[in-house]
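Think of it as A, B, C and D in the order they're written, each chain with its own count starting at 1.
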Amino acid sequence: MNFIEEYLRIRKHSEQICEPLQTEDYVVQPIADVSPPKWHLGHTTWFFETFILKAFSANYQEFNPEFNYVFNSYYETVGARVIRTDRGNLSRPSVNEVYQYRAYVDEAMQKLLSCPVDEKLTELLILGFNHEQQHQELLLTDIKYILGNNPLFPAYSKDWKDATESVSGENMINITEGIYEIGYKGDGFSFDNELSLHKVYLPHYSISANLVTNHEYLDFINAGGYQDFSYWHAEGWDWVKNNQINAPLYWNKIDGLWHHYTLNGLQKLNFDAPVTHISYYEAYAYASWKGLRLPTEFEWEIAAQKFDWGKRWEWTESAYLPYPGFSKAPGAIGEYNGKFMVNQKVLRGASVATPQGHERITYRNFFHPHLRWQFTGIRLAK
Amino acid sequence: MNFIEEYLRIRKHSEQICEPLQTEDYVVQPIADVSPPKWHLGHTTWFFETFILKAFSANYQEFNPEFNYVFNSYYETVGARVIRTDRGNLSRPSVNEVYQYRAYVDEAMQKLLSCPVDEKLTELLILGFNHEQQHQELLLTDIKYILGNNPLFPAYSKDWKDATESVSGENMINITEGIYEIGYKGDGFSFDNELSLHKVYLPHYSISANLVTNHEYLDFINAGGYQDFSYWHAEGWDWVKNNQINAPLYWNKIDGLWHHYTLNGLQKLNFDAPVTHISYYEAYAYASWKGLRLPTEFEWEIAAQKFDWGKRWEWTESAYLPYPGFSKAPGAIGEYNGKFMVNQKVLRGASVATPQGHERITYRNFFHPHLRWQFTGIRLAK
Amino acid sequence: MNFIEEYLRIRKHSEQICEPLQTEDYVVQPIADVSPPKWHLGHTTWFFETFILKAFSANYQEFNPEFNYVFNSYYETVGARVIRTDRGNLSRPSVNEVYQYRAYVDEAMQKLLSCPVDEKLTELLILGFNHEQQHQELLLTDIKYILGNNPLFPAYSKDWKDATESVSGENMINITEGIYEIGYKGDGFSFDNELSLHKVYLPHYSISANLVTNHEYLDFINAGGYQDFSYWHAEGWDWVKNNQINAPLYWNKIDGLWHHYTLNGLQKLNFDAPVTHISYYEAYAYASWKGLRLPTEFEWEIAAQKFDWGKRWEWTESAYLPYPGFSKAPGAIGEYNGKFMVNQKVLRGASVATPQGHERITYRNFFHPHLRWQFTGIRLAK
Amino acid sequence: MNFIEEYLRIRKHSEQICEPLQTEDYVVQPIADVSPPKWHLGHTTWFFETFILKAFSANYQEFNPEFNYVFNSYYETVGARVIRTDRGNLSRPSVNEVYQYRAYVDEAMQKLLSCPVDEKLTELLILGFNHEQQHQELLLTDIKYILGNNPLFPAYSKDWKDATESVSGENMINITEGIYEIGYKGDGFSFDNELSLHKVYLPHYSISANLVTNHEYLDFINAGGYQDFSYWHAEGWDWVKNNQINAPLYWNKIDGLWHHYTLNGLQKLNFDAPVTHISYYEAYAYASWKGLRLPTEFEWEIAAQKFDWGKRWEWTESAYLPYPGFSKAPGAIGEYNGKFMVNQKVLRGASVATPQGHERITYRNFFHPHLRWQFTGIRLAK
């Protein structure tokens, strides 16, 4: 790998994602989970500055020492930080300053990478690449939330291509019982939560080759799925009632007709597209209503060679827990995954927001069960 | 009055206030009470469009019908609106669009005002002028909050002139008991809450010629005023403890030295300036500590000819209540003042943020007792 | 006054109020404003023990030193205390222990009062009597809340006599303008908030001889009063919507028929009784709907000789503020009234829950504007 | 099994647990998770009445139809109910009435059980027994919370015997890797969540023969475990800071000496007893600090034949999820376990509060990770 080229390719992609934005779109934070785009641009830069330039680049001068306070996400090791819900209250640093920060760090990184790169640096570099790619995904979902919850429903880009799902229907794949290997085993990069490689016993199961479509999900709505507690977890049912949920996020009924906001703007609902922006609670309730269930993350990983994935992050029944033999790296880098391993559900696959080459069959994404602003979807099992 | 000139003068002043801002500064809403500057620019424009152009200008075409939803503040009569706490979540309309909206409405207003102006229109026009001037005051205090609570403490403008208070000390003015007239009685404009003119009986009282200074207030802090419940209302004491208040808003102790954020940026505390950005609770506690009290709004109005005011909005002991004979105008305009007449305290005077000519001895400002982001101050009485 | 007799008479009355209760009824606190009856019995006893026995009775031994923590209401001077919302979480001290506490303190008080009583002790004694009488009123309203919000609607007592209002209709009393004297001026007891006697100027006004009845209030409901924002304060309207208010507290529509819970149990609504258990917001909205207003507390005090009062505490338009010349007593006793003089409304009169001899034309009761569990009512003015 | 005998034995045990209580102790609910003892007594009775007597006993007359509303816990199928946080606001039905309700239902049950008992009834009967035994455990922990959080710290009973842990130290049991069978396989009763029997693959692991003691846990406290984020989950760390946690529940430092409230009253900390009343977050942090981890529920189940358990419910690393092949029963009975299978952690074992014969090696208890009022403990693995 040519590190400079790869570095610049990935860094440029973040900026390309933001190209269609107006300055104001970079600033707001309509809900705590959604960060302002300028924060993503600054935070990913801070990651390279803090963990690489300050550690490996002799005489490196910080761009602005106060940015540590502004752009730290959750690293307790690295010091105090703006609380998460305050990110959208900061008009400064301005978008221009953030781009200057990026340029400054990019230049220092290129200088650093023009010298020999040792193993420790390589490791952090690859982590930095993957970290920025994760934020590219978030950039797109956060932008979608910012624009899609604005009463004017501005489009992000007319050229955006959303996921399609040509095939539908009950096309089940059967997997025989046995001991299987789970976890990352290649030479390339993986996150610590994909390790270590280990065996699990799986009983016989079937898993659908297709994602659930908007059309199929609408059947659940029309059958009264949001009004019948028996399909829901107790906490899911409370969530439905307290938030008056009756459809996926971004669905709007206008004059009796279902529409959904996509990155192309407000559209008539595409019945054949895979359903998206549903919570784990909804995914579970849908599966219950069908008399089926969600797959575990192990079932998914073993079966995934046999079906087409990468359009939606797929909710699994698995809780986000450490694999046998999991251990945290020491220091700030060790804060990456382990400290979130409670009260979250695993998602597998990738989505239309995932940058090319970032998806992986062993990749474990995770979110709290009520969250919907990611491109989440449903695959059924039994 | 040349209406077109006056209209343009006032409208231009709002935009001049915003001149030093960067685009991002127009967008954020760090607390519910502070509105994004672009919202103020849009809302004051919507006021002219809704109550004047739509009513008086034949064939007037709205700039954008959805702006009614975005820029309505609290007029239930006029329909649904963005909830107040969501104003800072809207990246669109962009700042540019808001300025286009202003230009569009300004043109239509000039056209309307070039024809004869009848009495009803005159009345609404003057209300619109005063309404925009009230928002100019809020623009400055909201901008101060946005910048002064940013960890980078950016200055608004190096040319800003803050209030000074040359004289200090116990310079009490005595007023003899008697029946006095309260309320607006001129021919010019007044808000409905200044009416009607009525008599009150006042016992003999004394009132300070000077505002309390930072120096004097610091004595209260150093004497442990924030640690002794006996000076406070029970609700004030809860507020102090729940919010860990120990100084006025914008005061920061840096390396043992008191600083305060002003529109010029972070400065060493100016001891001789009148104290500002204190809540009613603090004003009351300070007065208790001095063995004095705050004046009532009636005491203030009668004495105000004898002292120099206009640097700080001054908290009074009076609750915001209707005057005898108060009546609301019918329709949306009647929602202006009456519906807020509970749980608020009256402030009298004006402040450095008040646009020239907008102050008036009978003017009644009002805020909830815990609020501090206005240029509030303390005058003592006994 | 024979102090021992008066002491025993008042103390016994508190216990008589509780006679119909079951042990469990003494314990619960369904909302923060309602205290468990055993708490009232203990707190009033603690008041005599803390402010009188400990100060005046040599060698007095506290019944239980921990009761200071349990039964202090809000006196910061006297030390830490159970937070108000935790009163209903305490199963101990048991009801029996509280009655033992009362007996113990009563014995010590009788011993103390059998000796000569000096002026300072007299003053505190009278305060203690009035304090216990205030809690007798609260005992009844709190018991009503506890039983009236229980799904089984148990009656407090079949012998309870609720207020009636024989006369109805527009019977207005006219008062001419002039300077009037306000505040307590007798030799007997008054609270500090009724002082000092002072003059106010009142313009000409009219005030109704009658309280508003359930029948009249029902007209407001049926006319859509709870659905039309224009009658309400902005904060009142928020309160109506957030709490889905559509009738006075204790009104229940059963099979299309209005019932109300009274201390006799659930009854068909008595149309001729004065309306009660309404908030200030509702009283104000009702008055607005009638094209009238609530009286100020001064108007009430001057007119009250001319009408029949004492069935309902009557909401006034006045905010609870100090009279000119008001001053707090030093120490804990000074915490009695002054520290609540913000954000509350004055009520005048007395109610069916007021113990005989405790009502007074200058008495100032006060509550936050949203509260409804007292026997509150409406008198109109214009 | 003689059903009548077993029924009476279990029913009597619930009442024996409550024997030391005063009437007031039956009523309060200091936190949402803790139900008033009289509610437990009523709810377990309602379970027999609703699911057995109403279904199987011809002409059965409900004791009081409104009790369905009062004593339903969470069964949506069976209708509306008092919201959980309101249980402590109900003074009625009184404790006496609840005991009358128990006697009434017990008589009807004896009559029913004196006739032949078919299979369906047997199944519900056994479920009712186990249900009441689960509530006996909660009765004890809820009583402990009610008394142990009272400022007077009353003892429940001087005769109570708390758990002891004679052995301590690193006594690790090794289990070799392999496929193991998990889940209930006997003929007796098990809950639906213990089914179905299925295989899991376990890698080699070690598990401690002993529970962590108070002494060992104190080492963690003294080493600053509550001040170092690196041992904690991010959510655990927030929980520690927001609730200012620095020791297990019921630990009180008095004059520099650690005490803990036990059912015998406030005692000096017993260093050799197994630590209890810690959250999952604390159990996890303790294990991290030791460089070890918590076992999974599968590891626990396989190893449990080799160590002594039953003193503490032991937190496991496993999330509460359905076993392969899990299915819910139709109707209300199906609401028993399945709907809670999200966001909770599994506990294994039993505790000093578990009624004799109710413990089982395959039993799966579950609680949210922050809860501490159960007799929870820590067993380490690696």
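Here are a few things to note about the model shown:
Quick note on the criterion: a contact is a pair of C-beta atoms (placed from the backbone, for glycine too) under 8 Å apart; a residue touches a chain by one contact, two chains touch by 3 or more.
Just so it is clear, the model here is predicted, and its values are computed rather than measured.
Counting steps between touching chains, the shortest path from chain A to chain C takes 2.
Using the average of C-alpha coordinates as each chain's centre, A ends up farthest from chain C.
Between chain A and chain D the centroid-to-centroid distance comes to 37 Å (mean Cα coordinates, whole Å). Centre to centre, using the average C-alpha position, chain B and chain D are separated by 57 Å. Centroids built from CA atoms put chain B at 44 Å from chain A.
Taken residue by residue, chain B touches two or more other chains at no position, since every residue touches fewer.
Taken together, the touching pairs link the chains into one ring where each has two partners. Taken pair by pair, the chains that touch are A-B, A-D, B-C, C-D.
Only residues 74, 76-77, 179, 198-201, 203, 205, 229-230, 232-237, 280-281, 284, 293, 317-319, 321-322, 324-325, 334, 339-343, 345, 369 of chain B touch chain C when the two sit together in their complex. Residues 22-30, 38, 66, 69-70, 82, 86, 88-95, 146-147, 149-152, 154 of chain C are the ones that touch chain D when the two sit in their complex.
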